[in-house]
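If you scroll down you'll find the structure; I have some questions about it.
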Amino acid sequence: GSPQDTASGGGDAAPVKVGLVYSQSGPLASYGKQYIEGFKAGLDFATKGTGKVGDRKVELTEVDDAGDPAKAVSAAKDLIGKGTKIIAGSTSSGVALQVAPIAAQNKVLFISGPAATDAVTGANKYTFRSGRQSYQDVVTAKSFIGDAAGKKVVVFAQDGAFGDANEAAVKAVIGGAGANVSGVRAPASATEFTPFASQIKAAKPDLLFVAWAGTTAPAMWQTLDQQGVLASTTVVTGLDIRASWPTFGAAGSKISFLSHYFDGASDTEAAKAAKAKIPGGTLDLFHPDGFAAAQMVVRAVQEGGDDVEKMVKALEGWQFDGVKGKMTIRAEDHALLQPMYQAKLSGSGTAFTATAQKTLTGDESAPPVAQMKG
Amino acid sequence: MTEPVLSVENLSVRIAGLHILQGVSFDVAPTGVTVLLGRNGVGKTTTLRAIVGLTPRNGEVRGTVRMGAQSLLARPTHRLVRGGLGYVPEDRCVFAGLTVTENLRLAERRGTSPAYDKVYALFPELDRRGRQRAGSLSGGQQQMLAIGRVLLNDNRLLLVDEPTKGLAPKVVTEVAEVLERVAESVPVLLVEQNLAVVRRLARDAVVLSAGRVAWTGNAQDLLLETALTKSLLGVGSGEVHA
Amino acid sequence: MSTVILLTLTGLGLAALYFLVASGLSLVFGLADVLNFAHGLFLGVGAYATWWAAGNLPGAGSDGLGFLVAVAFGVLAGSAVAVLVELVLIRPLYSRTIEQVLVTVGLSLAGVALLQATWGADARPFPRPEWTRDVTSVLGAQVPNAGLLLIVAAAVVLGALLAFLRFTRYGLIIRAGVENREMVTALGIDVRKAFTLVFAIGGAAAALAGALGSVYFGTVSPGQGGSLLIFAFIVVVIGGMGSVVGSAYAAVAVGLLQQFVNYYGTSGLGDLCVVGLLAVVLLLRPQGLAGKVAHA
Amino acid sequence: MLATRGLTWRIGEVAIVDSVYLDLAPGEFLGVIGPNGAGKTSLFNLITGLRRPTEGRILLDGADVTDLPPHRRARLGLGRTFQASSVFGSLTVRENVRLAVQAHRGGSMKLWRRAAADREVAAAADAALDRVGLAHRGTALAGTLAHGEKRKLEIALLLAGEPRVMLLDEPMAGVSAEDVPELVSVIKSLTGDSGRSVLMVEHHMDVILELADRIAVMHHGALLACDTPDTVMANATVQEAYLGEAL
Amino acid sequence: MTEVKSPEVPAPPAAVPDELTPGHSRWHGLRPYAPLVALVVAAILPYSTVNLPGVFEGPLNSPGTLQLLAICLVFGGLAAGYDLLFGRTGMLSFGHALYFAAGVYGTDVLVTRAGLPLWQAALLTITGGTILAALLGAVALRTVGIAFAMVTLAFAQVGAILVARDFGGLTGGEEGLPLDVSGLPAALVGVTNTVNLYWLALAYLAVVVLVVHRVSGSPTGRVLAGLRDDERRIGVLGLDPYRFKLVAFTLAGGLATAGGTVYCLIVGGASPHVTSSELTLSLLVMVVLGGPGTRWGPVLGGVLYMYLDHRLTAFGTSDAVNSLPAFLSHPLSQPLFVLGTVFILAVYFFPGGLASLRTRLTPLTTALRRR
């Protein structure tokens, strides 16, 4: 044979191969777990329990990327080499960004998962997303200050692309509405936050937007609280997965949360179905992403069969009812417009509950249209 | 003849596949100095190290070594030493990073009172340089420290490997005197190249050649017989160091 | 002014944390000559054991005496794991330094993964007395109590280690054993015991650092040890390997430098300065601040 | 050929080497004796550049080499052996000597040539090994040699460098009596008419007496005497400080 | 002067020189050609459709397998290059990842951000990486032993911080930077062309092995081996230790940078994983696992390490593991747990590395043959 020889599937009743590349191990394993639970529930929902699209069974291949883009790329190439036309997953932004070009080069469908980076939106024609992006977080944050004009807003974020993206988004969204935006940045590895808390305090902002991920978050919140930052201004941040809620401790009730999702934020058909299907019965941050991904996969196969170009056509502009409510895949850049939430945390010890204060519709939280790159 | 303090029987050592000792047997008399002779590389050091249990990891020891009724092989070194087997290694092995005093303190054994006076009387230099790092001592001073270290304790047998190597003639004489005095109370198994020292100290001699015992007997007899020394050690008895 | 006081005191708190991590590392590194990459594991064991004890051990809890019991249990557990590691994994490899490093690297990978497999990757809230969440007002600066606790603990550990090294024979045996194990046995000393002891102490110090560090962070997570370890290594090297006092000086220098540069400079500069300090110190004094001049 | 001018090395207050003036003529064999700790090895370390003197100058062929690093001095023809053998333990005996020959023949970077293919180097190395009687041990790892053999290898390494000034630090230490005469004749053959100068520390007086043209006596870092063997041996201070009562 | 060696980093176990390993007379005539044969076999591997179930996911010529093999080969080469420092010269650098990362990021940034054609980007990167190694080496080599290890670690840490800081959005910070393939030769793009990446990786490995082999067999290599044993002695023999160490350091750095360039193409981007100090540690693990100072040991170690690193994720989620009781299946589903355990066992069971396996097995094979 020649080195390019690869087996490729054919025939109508042949199963639909779907590759799921996400974190089963490594630091983002919990996100990955929610994603896959959501995906399976969504698949069940979208295929009405049959697991089949038409008469074709959906055959899932799950691969662990351990959060390492190199492993994800290898996995994607392996899947593509075996004739897989649809790849979904990517728990981390780094993985999403590196798998997206592979999808474009090989003309397969890629549905990115929890990865929040804005850069995936409009990455290329073959790349879609089933979750929210940083920009939508920031738009939600803006809803906390009402009229932004003349207000002073500080963004506290980690060094690096995640922080850059958030700061840029805040500048565009809130700064664009007339607020005066400045940034305080800290290394992601920082363990002592007093200097940063002092800087923030000295700036006397009307709104503090915090974009922080990782295990040092609780120490960061505690320091902000101890130095009186939480008491002196409105502090907004994204609500992370349930397991992290108790780590906010006393600070939790002093923070205004924007939320992608939490259990009870919505009461849609899909949410009920998801709740019934997932182990434990409690929805969490990334279940909707997996759920939506499955819905998109089923739609793509229904309309496109094995033709990826048709799949893309079928998904662009598609509206559907997801766990969070009405979802729209914007045709121009494949952004996924979706409801976002304001939430409050209450409780103590290990028992915390979140309650929705306000829901923003998909259009209200829509990011600006990105230029489609490839 | 009285019971030997140490008897080595059929001792064989292999290191990294090389047969270094091949069935060495000899006794060490309960008093006086027994000297182990032989050319470079015949296995003198290897013999001593096998006795105290310091054969390298990749080595393999066979045979029996007894001290009285006790079999020595297979017992850990620190037990042997606490049981009264003193060892002065060939290259001194003082602890370079420790001071002279610390080196000596390390050699104290629990439950006995160390004989500092004795050691300082023999080597006043050690007293004077107590706070110097042993690594910065001159070669000879290090040798004094290495010998002084074992003399702090009472021993049933001393194994001493080339103690006069690299020493000034005057110190060689001193060391020989020290060993002579030590040997009055403790038997010594000595490896020595300096035949003058051998002549002065040794009562019995064991000559090794290529991993085997080539000759045993009275040391003074050996040194008198030019033919013997020529064939065993490669020197005439007259040529020993002045 | 109050900013300076705040930064100084919190910087010292950070320094104390670095020192707690570094002291055990330095001891094991300097005395047993083992570059212990598994130190982070001991840290994690201490933290998780304390966390577990506070919830499950009778008599232990998250406050008052109960908390002391929990921490004591954590320290014991860390020490026990360290001893086990020394006996089973390190002991057969003495004098094979590189292999030891590898084993500890393997252990750090496997151990942290094991913690993660058992308790999950997510951070968990750490049981701690209420007062450690509060602040004490010092000349107008709101200083976190957890930081003060770290400072006190570090001072106690420093004193205890110095006493151990200065007033016991073990210090001597260990230093000699690093140079030439064989010769120490030839002096009638069971050097293996001494090395096990070093590991026990190093493990205990690490476990204490893990427990108190978790009090400081408010949470415990499997990877926590690893992130502190890199700075602890820097502290150990700047201070001079094996010198506990040197580590203390270096920890203070690193903690304060980081804190002040992070406030007055731009972000990330603090870390760069620390790394720069390491490079400068090593180039000027390869043996570290308090290290003895290497010989030959 | 080699000269030291007021060479001094202090550690703290203590002068380990104390204002030493030494002159070594071409072809001369100078023995150095002195009690343990007199500073003989230290003197060698200063001359070869392993230590920096606190005061004084070192001249090689009249040129000041005090500030040159060890390798530059070696290239000027200064070679030495070490009191405690320092050979390349993980290389074979033969490779050890070849390395020394190669270092002597010019140490420029040759990254692509095959080292083993250089016949001249190999031949020179074998010759050096032959000369010290280690030819049969060529394939043994140097680290596994017995002590005496290492001493011989040290000398072979020195020979390979064909130095014009040789510093020998107790070459006989640990060499079995049988081999002493052989080694002595090797050392003797090094000098002879070749114009090489030798500075040798040795405690075996008979060896020193046999080889040395002059003998320098060191004591407490200072040069006590430097004269013909007979005069030195007759010197009362030397007798008392160094030789003691002969055995 | 004392004769005591400072407690420096001990030299790694030495290779047994070829002339010492006895008993291969029958193979002696063929042995010089063995590497060539291995190279040819590796080169025609992609033509095979053999399926090795359990070993690889698909047949040998499937893109997934070739991609995995390509990554393994690059790391084989990287480990061999690192061995030039560690195994052959006795320098323990904890910062080797920096030069690899320089290759990965340099190529990526020059292609993606500056839009240079690949060959220019590669040339510039490798030159730049080599110069970087020379400059940093010149500073770091003023220290020895553990201090040297730590200074190199510090430099690498600066690299990691700079990449994470994402100055000017150049590196993409923690998200990494996908490679813009629009300007790349078509033969290097797309899953169907994975085989070309495989050959590229193989070529890289072959070059590194050749360079390391030639250099260590050269007169300079002899000096490097001498440095490993006794640096002072090298100085007294008339050679400047600093110069030789710097050459080795620079060469190894250049080789690592080239590896980074190849890796960037294979993976199609850069991510901050490559700047981590863990990578250097893994290099050390690879070399020691394989056998430092041997020709094939480090290569084997590198290939095996990366293979395990990639495949264990699949192993952890396999049915075999999931069907085990929880106290076993939980740890076993953590790839790092398995990898860590494998190291530890390897250290115990293959002292001297995989390369010593043959010598260790010799008694066994001779015993078997006699029967």
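In this document, chain identifiers A, B, C, D and E correspond to the written order of the chains, with residue numbering beginning at 1 in each.
The criterion applied here is as follows: a contact is a pair of C-beta atoms (placed from the backbone, for glycine too) under 8 Å apart; a residue touches a chain by one contact, two chains touch by 3 or more.
Which protein is which chain? UniProt says B = Amino acid/amide ABC transporter ATP-binding protein 2, HAAT family; C = Amino acid/amide ABC transporter membrane protein 1, HAAT family; D = Amino acid/amide ABC transporter ATP-binding protein 1, HAAT family; E = Amino acid/amide ABC transporter membrane protein 2, HAAT family.
If you're wondering where the values come from, they're calculated on a predicted model, not measured in any experiment.
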Report task. Would you kindly say which chain has the C-alpha centre located farthest from the C-alpha centre of chain E? Result -> B
Report task. Give the identifier of the chain nearest to the protein's overall CA centre, each chain being represented by its own CA mean. Result -> E
Report summary line: Of all chains, the one whose CA centroid lies most distant from that of chain D is A
Query raised in the report: Which whole number of Å gives the spacing of the CA centres of chain C and chain E?
Result: 31
Query raised in the report: What whole-number Å value describes the gap between the mean CA coordinates of chain A and chain E?
Result: 36
Report task. Between chain B and chain D, tell me the centre distance in angstrom, where each centre is the average of that chain's C-alpha atoms. Result -> 29
Query raised in the report: Where the CA atoms of chain B average out and where those of chain C average out, how many Å apart are those spots?
Result: 45
Report summary line: Where chain C touches two or more other chains simultaneously, the residues are 113, 116, 178-179, 268, 271, 295-296
Query raised in the report: Which residues belonging to chain D are in contact with no fewer than two other chains?
Result: 41, 83-84
Report summary line: Among chain B residues, those touching two or more other chains are 96-97, 135-137, 139
Query raised in the report: Contact residues on chain C for chain E in the complex?
Result: 33, 35, 37, 89, 92-93, 95-99, 101-103, 105-114, 116-118, 178-179, 230, 233-234, 237, 241, 268, 271-272, 275-276, 278-279, 282-283, 286-288, 294-296
**Report entry** chain E to chain D touching residues, read off their complex
**Finding:** 1, 3, 11, 14-15, 17, 19-20, 214-215, 217-223, 225-226, 228-230, 232-241, 243-244, 247, 251
Report task. Could you please specify the touching residues of chain D with respect to chain B in the complex? Result -> 11, 33-38, 41, 83-84, 144-149, 170, 173-179, 181, 203-206, 241-247
Query raised in the report: Taking the complex as given, what residues does chain A use to touch chain E?
Result: 1-6, 24-25, 62-66, 68-71, 73-75, 77-82, 93-94, 97-98, 100-102, 105-106, 117, 119, 159-164, 187-188, 374
Query - Contact footprint of chain A on chain E as seen in their complex - result: 46-47, 49, 57-58, 61-68, 71, 161, 164-166, 169, 172-182, 189-195, 267-269, 271-273, 310, 313-314, 316-317, 333-336
